[in-house]
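Note that chain A is present in both complexes that follow, paired respectively with chain B and with chain C.
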Partner chain A sequence: MMIIIWLYVNTGNIGVVDKRDRMLYFTRSYIVKVNKDLSKGKFGNNFRASFPVSTNLLEKYMYPLQTPEAKSIVGCYSCTVYNPQKHRYEKMNDIYTDAAFWKIFSMRFISGVPFNDTDVKSKAMKVVIDETTAYKLFGKTDVINYPVQIDWKEYRICGVVEDVPSYLKEAYAHIWLPYTSGSSYILQSGDFSDLPDVVGGMHMYILSHDISDQREIRQEMEHQIQKLNAPAKDVQFFLNHQPDTALEYLFRDGSGHYEMIYDKMKMVLIVLLVLLILPALNLSGLIVARMRKRAEEIAVRRAFGASTGNILMQILIENFIQMLIGGIIGICLSYGLFQAFREMLLTSALNTESYEISTLSFWHIINFSTLGCVVFLCFLLNMISTLVPAWYYSRISIVNALNKK
Partner chain B sequence: MITVKDLLKVYRTDEIETLALENVNMHIGEGEFVSIMGPSGCGKSTLLNLIGLLDTPTAGTIEICGQKTDGMKDKHLADFRNRMLGFVFQSFHLIPSLNVIDNVELPLLYRHVPSHERRKRAEEVLSRVGLAHRMKHYPSQLSGGQCQRVAIARAIIGNPKILLADEPTGNLDSNMGAEVMNILHQLNKEDKRTIVMVTHNEEQALQTSRIIRFFDGHQIN
Partner chain C sequence: MIFHLFKLIRNQWKSNVWIMAELFISFICLCAVTTSLYTLVSRYWIDKGFDINHVYMASYVKKPVDSPDYDTTRDNGADLRELAARIRKCPEIDAVGFTTNNAFPYSLNVSRDRFYGDSARVSAVYGTLTPEIVDVLRLSSPVAGIDLKKEVKNGTWLISESAMAELYGKNVVRTHLYKSKKRTKAIPCVLANYINYEYNDTKKCIWETESEANLIRKQHDDFTKPVLLFRVKPEADHNFHNFFFSSLRNQLVSGNHVIVNITPMNEYRNNTLNMYGVNMLYGIGYFLCAFFIVCILLGIIGTFWFRTEARTSEIGLRMALGSTRKQIRNQMWGEGLLLFSLVWFPGVIIFYLIHDTFKLYETSLSGWAFCLTVMLIVTLFMVLLIMVGIWYPARQASRINPVDALHYE
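Up next, the complex of A and B:
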């Protein structure tokens, strides 16, 4: 259950990240030597480096993409903010981004509006802050046009949004600023051999109109990268199967091995299977013990006209109904346990702060898809544990069972 | 009605082979009430199980109502048992988790008879064995004689042509045993039902139309 919740919170449409199924992630630049076969994603000695991407590359090659509904440049950092109430500087999480960010994520504005394209282009010193930060800095949320000092630069607050919990890592911050207003170290680009200005500190979230568009977006990106690579002789920029879906993004790292993503997915699957098979074996033992007690009844039913198929179905249906009843009791118990221990259970599983767990309600994460997934796994577990004993006992010798041999 | 030819039944384990029946040949006509007698372990119950298609012979053939039973597939076998045969066991073998009427309805359940029809017929047969007032009771709430009467009701609800009774009075005192025998004779005479009964009781066997005797797996007469 915890694995399913963890997967759902990281890959499902949840909270302000309610379009994850349509989102693609372009987060890393992979630099490799030229003229090598890269089709399998294994670089070996050809691999040179993996970095976040530069604003230059994203503006020049990714902003022109036509297929997506929205493209947003994003850089997650931490900043120093002056607290006028306490007269001291505080560290906070910030996101440097553009106007498309507000289209991709469904932030709820308590007051004000987000910065727009013109603000971003004009390097406007505007900022959106979250509710907690507003209270922390000013003791209220009605703070539009208030000045705020971030990294020793003065910004004006243009909007206040509801807090975003840290487990929604794509959108989580306390402060959101136009990326063009960032310091030089935010915006800097790095050359890599003869590829100029490709590595930096940013990445891009892409929102497709429809899931079916994603293939076309990939092709368009590949085409753009070909343009980027055209003049390079020593090294090439390699997308390495990017942009990622939310699931791929969850497992991607900077190692450059695309297979690593699937190795990690396999690992999660194996853990899930082990967690499934162990109770299935245990349950199977319990079912065998119960069937042994009911062997005489099975024999009587067969003597009076039940076929082995009838018996098999009866056992499976009985166990399914029991599973269903058990499942309902389990959900009720889960609800109770979730309410009682959710901080303890979720802070480590979601790598988040305990106070943020309060934003996750039981029905927030146990929605129909999660529930469906859990019910399917339970059904699978029930099948695995019941099928073998049911098959065996539906074929027992009637005479032996009646004589209790 | 029942024709048995050259029947052989051998029980095999890893170490030993036990000859349960050998060279059994018999014919039981429609409407007969036949007793099978012999000492313990002579193969009486084995024969009844083979005729009842609860077990398979090592060799030989059994023909019931003109139909050869060897090689029948599981589904056909189950259907044949359901429609042609009714069983009464020495230790009743009622399902303890079901009440009397549900136990009696059991054979009709596998014949896909609608529930109201099942209930109606179960009430009829329970009235016939004098247990209409015990329909909602569970087997553990009944006496041995009452359990056996429920078992008879279950055996006849599907109106099978043949009733196979394996020591039906073996677990009952003489009065209850007599009551059960009366019901069996009634079923034989009034319904012209063929009955094959395994018994140790000479007196009860003498009341039937024919006695077939066994000794050490062989038919004597």
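Up next, the complex of A and C:
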């Protein structure tokens, strides 16, 4: 269950990240040698470098994409904010982004509104802050139009949103600013060999109309990247199978071939199977011992006309109900365990000085999806551990069973 | 007695073969799990060669060059030294020093450089630190009697044991190395006990020592900045974060530099290991070890429990023919342990071969000594499991009324 919860927290539609099933991630620039074999085995030899994407590249080549519903440039940094209450500077996590960010994530505004396209284009010094930051800086949340000093520049607060838990790493920050208003190091775009403007510090979230559009979006992106690569002679930009779904993004390696994503997924699947099969085998032994004790009862039922199917179903359903009760207790225990070890199990786009994973909301974990997983796992565990003993004892000889032979 | 037990095992060989297979696999798995567990635990308790208790990292920022407040007339290096000097003046502070961004514990930065001995070369993690860092991190040498504080003041570099072994072999304490292949300028170096973090396999480190002014001058640009560490007196280390910011409130800004936070290094360690997934990886390791141990425990106890319970009628019959409860229990224990002893020797051979081939362990013991220790622990554990698995059902079964037992016949 811990693995299921871990996968769900990282890939499910939770809280403000409620469109993850339609979200695609373009997070890294992969620079490779021109016209070389980029299959998994040869990738390491021809790979040159990997880093986040530059603002220029995203603006010039990715903003024009037609297929997606929305595209948002996002850069996660930490900024220095002057706290007038404490009279000192503090470090806070911020996100430099554009107006589409508010379409992709469902933030709840306590007051004010987000910055819009015009604000981003005009480099407006507007900022959205979260509830906690509003209290920290001003002692209240009704702070629209209040000035706030970020990285020694004065911004005006245009909106206050409810806090975003830090485990929702795509949207988590305390401060959200138009990326165009950022300092030069935020907007910098560096060259790599003869590829201009590819080195940067941003990435892009893409909201598709439907997740099946992924292939079409990828083709469109490939087409755009061809334009970027056209003049390059030494190195070229490689998408490495981006954009990713939330699940692919979770397993993406910063410098590896994209097929490694699927290798890692297979590993997790194998671990899941081992963790499922080993207890199932143990459980199977216990069920055999229990069936042996109940052999007489089964024989009596058979003597009164119960068919093999009746007995089989009875045993399977009995065990399934027991497992379901165990499963529900298990998911609640897993929730507690996950809560206790959340800082170890979840990573967030944070810096090493203030690394804190928010307390997991109970309803983010216990919901229809995770309960559905419990039912499915219990069914699977039941089939592995009970089917063979149940099949054997449903066909037991009445006379032998009654004689305890 | 033993021949009688062999006869009993042979008579039920079909079911006993399965039990022996289970014992064989369980023995090898348990040996592997114990080895992994030992490696995990020993990595945690390894002598790190530094002490981060009461040590803090001061986070400072430089105003962005394009901000209206940026003062172009200031000497940024001097401002940074001024901040360090202000911290140093605090009576609660023991020592203050600077390092580059890879020469402090849990930086997780393993950028390497190549160094040369008289005839050999080594690729080692390389960073720079000021002499005060020896005090801040309480760096020590594996050789008793070496005063690192005195050594680094003379500009002597620090070299880790494995890097030294590669350059000059073992048992060398004080020597020299070269930065270039031409071997023009010999740099004195001394053996130090310093590794980056306990889970790191890269134990080859070479730390250059520089004066504070030089380190800041060389390392302070738009992309890198020195790391400021300081040690607090233990008696003052209570709610120190708040104390620091209240007592130094007016001294946290110097020119374009501002101290924005201080982080205890223990917290920094935890954050770094969480952030880079190291804690998760090792947590999974502990979890899998515990999981396999529980599975094996339940499996072995369950098997012998079930086997003994299934033989209730036989036990009753033996009692009807005059066996005492003690004899019954001893016979059941004897059978179980004999089954285990039959698979023990092949298990030992297979485990030793696996152990020798994959070498998935870290220990100061020799291969054989470690292997024997593991096998001894596992053997005792399995014997215990078998005895527990047999004891209770045998006790219950031996309380059967002989009349009921004869009824089975």
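Worth pointing out:
In this section, the second predicted complex is superposed on the first by the 332 of 405 C-alpha atoms of A that agree within 3 Å, B and C clash if a C-alpha of one lies under 4 Å from a C-alpha of the other, contacts with A are read in each partner's own complex, and residues count from 1 in each chain.
Quick note on the criterion: a residue touches a chain if its C-beta (ideal position, glycine included) is under 8 Å from a C-beta of that chain, and two chains touch if they have at least 3 such contacts.
Small disclaimer: the values here were computed from a predicted structure and weren't measured.
Measured by the number of chain A residues touched, the leading partner among chain B and chain C is C. In the superposition on chain A, A:Val288 makes contact with chain C only, not with chain B.
Once the two complexes are overlaid on the shared chain, A:Asn310 sits against chain B while remaining clear of chain C. In the superposition on chain A, contact of A:Val399 is made with chain B only, not with chain C.
In the superposition on chain A, contact of A:Arg302 is made with chain B only, not with chain C. Taken together, the two complexes place no residue of chain A in contact with both chain B and chain C.
Every residue of chain A that touches chain B in the complex is listed here, in rising order: 296-297, 299-310, 397-399, 402.
The part of chain B that touches chain A in the complex is made up of residues 49, 52, 54-55, 74-75, 77-79, 81-83, 87, 89, 93-95, 97, 106-107, 110-111, 154, 158.
Residues 80, 86-91, 151-153, 183-185, 275, 278-279, 281-282, 285-286, 288-289, 292, 341, 343-345, 347, 350, 352-355, 404 of chain A touch chain C in their complex.
The touching residues of chain C, counted against chain A in their complex, run 57, 59, 61, 63-70, 222, 245, 249, 252-253, 258, 260-261, 263, 268, 270-272, 274-275, 277, 279-280, 283, 291-292, 295, 298-299, 302-303, 305-306, 309-310, 313, 408.
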